[in-house]
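Common to both upcoming complexes is subunit A, partnered first by subunit B, then by subunit C.
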Partner chain A sequence: MLLRRRHGTASRDKHKVSPIAPVLLFQTVFFVAPIGILFVYSFWRMQDFRLITEFSFHNYREMANNPLLIKAFFLSLRVALVVTVVCAVLAFPIAYFISKKAGRWKVACLVAVIIPFWTSFVLRAYAWKLLLGERGVINTGLVSTGIIEAPLSYLLYSPFATAIGLIYGFLPFMVMPIYTSLEKVKDSWIDAAADLGASPARATWEVTLPLCIPGLVVGCVFTFIFALGEYVIPAMLGGGKDLLMAQAIVLEFELSQNWPGGAAISVVLLAIVFAVVAAVLRWVKMEEVL
Partner chain B sequence: MSEGELRAVTFRNVTHDYDGARALDDVSFEVGDGEFVTLLGPSGCGKTTLLRITSGFLDPTAGDVLLHGKSVVGVPPFRRNTSMVFQDYALFPHRTVAQNVAFGLRMRGMAPDEIRRRVDRMLDMLGLAGLGERRIGHISGGQAQRVALGRSMIVEPAVLLLDEPLGALDLKLRKQMQVELKRIQRQVGMTFLYVTHDQEEALAMSDRIAVMNKGRLMQYGTPHEIYRRPSSRFVADFIGEANLIPCRVAERRSDALVLKGPGASSFTAAPSGADPASGADAILVIRPENLALAEPPVPQANTIGAVVQELTFLGPSVRMTALAEGNIVLAVVIGPGGRLPAIGDRIDLKWKAEDAIVVGPG
Partner chain C sequence: MIGAERKAGRSGWALGFYTALIYGFFYLPIVTLILFAFDAKEVPGLPLKDLTLGWFAAALSDRQLLAALSTSVWVALLSASLAVLLAMPAALALAWVRLPAKPAILGFIIAPMVVPHLVLGLGLLLLFRPVPGILGVAGVVIAHTTLNLCYATMILYSHLLGFQRSLVEAARDLGASEIRMFWEVVLPLSAPAILAAFLMSFTLSFGEFVAAWFVAGFERTLPIEIWAWLRHILSPKINAIATVIVAVSVAMTILAQLWILRRRNGARGGAA
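Coming up: the complex of A and B.
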């Protein structure tokens, strides 16, 4: 009451918090608080397996001086970027087909896109192992048909395998928002472009694609963020040689028992994610997207 | 120049089937260069299908479509010299008014300077000067309509196709746009093929009207011909208001057609050359404005007795309905100064033989 009298104005009193209070509470307990704890941890450090609760930039300095971590950091960015671009390139035609050409098979196609989510990520990663392994379906097939002489070793336990797994796993996250955008693109706009002399490719470039940018951006943000932080697929398909950020975090927490160190890497990862979202929000208006 | 080149569009036995259902059935007619032709008919009559076949979004199942004498069947829309004003305008929402209008010229690879010049001129002509930089979401319905028109006209198509372009406007704006569309069309001398289900609109704007029903071309002619000389009961009934009196052809004379009406009444009508045979059933069509009260002594021919049912004051005129023998409801328009009977009065209605039209019963 005192607070309100001091800071509150008549207009501010109108803004009632009550309807969103449960959401705020939920977010505070399950998101803000853990992140806050993580943040605080990242400025502490471990010494002789004891937690020293003194503020310092020790962990961040360590990170900056650790070539393995730097490498993991850039590899993660690169993999996430490649995965995002490949997903976008693959998802647009898929979404276009479903939205504009599938006709009465539309719902069936949508379900087909979503179905993989019904099985666990781990299971699907194992399926890829069966396909990509040295004695996997692809290598066996290629060798037995004589296309190659020896199995391709880079198919599994490599950044390549990780990228394949991530592309496969996150494609639906790209397809769905693009599809949603495409649904708002009226057929008559595409017809009008053709009618005015635009070939199908030109009409796509001039009309369909620009109107899909909101969906494309949302899809790219989701895919990039998920790919950047994904653990299961790199752990199962990537092998232990080339670490990604998420693996590095787990190693710090689990193997090294260095919680502050892991926390610091997590904070950096989180900062990147926030930076990406902030940049995108400045660029596209969220209301147009949703 | 051969004769075919004078015609902007030629439809030759155009037939189209949608999933086994016949949407267009053997439609043939020609649209002259610079003509304003309207495809008129109830929804589902095939008029929009014919428009989409002309623009290339559909191909006919059978028959041929010619633009300036050249068959265009199988030519995709983007290679056809037609241009369509869509029912919902289909303006590109991510582009400005000027960018929308410029689109077709840009697709044709015209130089930017020339495009700007032409777009400015088009916007000027359509009363859109100064709105070029507006976003599509920030203009009114009437303005959007003009932008759509300008975007299609600027490419100077062999024929401009308009798919009920005034349907989304309110009545007052629609009347305004009818006049303006007609003025613009006359001014630029462009061929318009216009689709509507509004017969008043068709009569007001067209040089010629193609009346369609159930995929077939019922009649093709000037508004005057269609209104005054409908060739079928459908056309008579669909265009304007019509009184339909069932008759039987009693005699075909060279100067007149003699008909037996309900009861003992007998009518004559001018022969049309396509009249039903002697003894056949026919429908006598008389427009409400051609019926008048007959004062005594009532002439024998071309009158019918009736009882006044309703009188509606319309301002300049009064609309009367009367019940004639054989349970036929007749509509009569009584002009200013005409004598008004009272409801329930027994009256006689007369008409001139040349105002009566005889059509088949179908």
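Coming up: the complex of A and C.
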């Protein structure tokens, strides 16, 4: 029996490799190839509206010498970092509430976190425009209740608005993995800490929080990466003054028709993304978090 | 001890209040979006005085919006089906067969998750440009399938990891062929996970903008159409169509959840 089974799996192993082939093929053609082409383009350049297919570091040199791009680069990193930290701080208590306090409403609470995420980013960004504009809901509300005298103009078309939109968009990505981690923390462990005389705050700080670190890390990585590469929200809420990287890429492609230049910025963006992922994978095992 | 409990009670209230605030934050934009669909003014804004259903009629008789809506539905249906069809065999093999280099394969499949949609869209545009006829619906379907594959595969993979293998063994011991086993045992028991993967893919595709924007050619999906409108005008028609979409997707979520719960309970009742 044992022998037959072992033999059976061995022979199945051979022809079961093929079910993965379609996915691998599809992904090679429509994921690896496009990024490869982008990479190649980034070493070409435009001259008099013609593509020069000669290898050079021209675009990368241009990028390093363009103060606007450097500014966009650092602003993107800063915005993504702030958004990540704010999301982590905001998400932990909610994830805790859903996992430990929601009782039979747990599933409903979880679904309620995900539902907004099912509406297109374009529509959600538009909704924030309605809220934050000078004649928007928030300003009108604040003025009519007398809290402020004149509408706040910096609410919309500013890095502040971009950050609000990004926090709103990516908070579910932070809540879900932290929740998954919290589900693995047994109530009895927290009770044990309490029985040993730890205050609820201390039990949270010294027992629950450290055990949530894998979920927290995954949430932070995704939030940071998504915030860094997001286009719709900065384009709709950020205004035209303080550009982010994604906007700079689109400007190169659409407005300047400088495809190699846009490709080079994309490659830099991708390099950051992969560096972050690689750094994190070094000390968090994938199995722990999926 | 009593003191500690009272303290826990108070912090419990604070936590509950805080959670309610965050849920308020989650739903404020959506409620705003919906409220202004009923506002009679041409440009949405406070105060809400005269209410009307006129914008719904206007949106649902707007040829451009309807065309974009139907394009989006088609694209989402096709890309979600394609993603599930490609993902299912891969998930089966990953979950049940000892594969060489499995972590590497998993990593490769998940990789698109971290790549910005903008970057993938640009790459696909450069890839498709020399191929006639592909920029358009076909291009968007391919782009969205690429984006959906990782999610669909992971949903199905984690379902199959937890699958009761004894049922498969039983079917095999009873002499079922591999194909029959798949159709009569694996597929029916995986239906909730397949539905979840399909709905997730459909929703992502239906709302996706950036990648589609680059490869759509002269076609317009609904997010592209709305984006184009928002550049020029703020019209409550957009709010009306958004309200319809939100209503439909919430209804679909609830129906799917109920169906999955009922099936799960039914399976448990059948086993008992």
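List of remarks:
We adopt the following convention: the second predicted complex is superposed on the first by the 269 of 290 C-alpha atoms of A that agree within 3 Å, B and C clash if a C-alpha of one lies under 4 Å from a C-alpha of the other, contacts with A are read in each partner's own complex, and residues count from 1 in each chain.
Please note the rule applied: contacts are C-beta pairs under 8 Å (C-beta built on N, C-alpha and C of every residue); 3 or more make two chains touch, one makes a residue touch a chain.
Values in this document were obtained by computation on a predicted structure and should not be read as measured data.
With both structures placed on the common chain, the touch criterion links A:Val273 to subunit C but leaves subunit B unconnected.
Put simply, more of the residues of subunit A are touched by C, taking subunit B and subunit C as the two choices.
When the two complexes are overlaid on their common chain A, residue A:Ser188 makes contact with subunit B while staying clear of subunit C. In the superposed model, A:Arg202 lies in contact with subunit B only, and not with subunit C. Looking at the shared chain after the overlay, A:Leu38 reaches subunit C, while subunit B stays out of its contact range.
Contacts of A:Gly240 after superposition: neither subunit B nor subunit C is touched.
By the touch criterion defined above, A:Ile94 reaches subunit C but does not reach subunit B. When the two complexes are superposed on chain A, the residues of subunit A that touch both subunit B and subunit C are 194, 199-200. Only residues 9, 12-13, 16-17, 19-20, 22-24, 26-27, 30-31, 33-38, 41, 90, 93-94, 96-98, 101, 107, 111-116, 118-124, 126-131, 135-137, 140-141, 144, 168, 171, 194, 199-201, 222, 225-226, 228-232, 236, 246, 249-250, 253, 259, 262-263, 266, 269-270, 273-274, 277, 286, 290 of subunit A touch subunit C when the two sit together in their complex.
Those residues of subunit C lying in contact with subunit A across their complex are 4, 7-8, 11-12, 15-16, 18-19, 22-23, 25-30, 32-33, 36, 44-47, 86-87, 89-90, 92-94, 97-99, 103, 105-109, 111-112, 114-120, 122-124, 126-127, 142-143, 145-146, 149, 153-154, 158, 203, 206-210, 222-223, 226-227, 230, 234, 238, 242, 245-246, 249-250, 253, 257.
Per the touch definition, subunit A reaches subunit B in the complex via residues 186, 188-189, 191-200, 202-203, 206-207, 210-211. Of all residues in subunit B, only 55, 57, 76-79, 82-84, 86-88, 90-94, 103-104, 107-108, 151-152, 155 touch subunit A in the complex they form.
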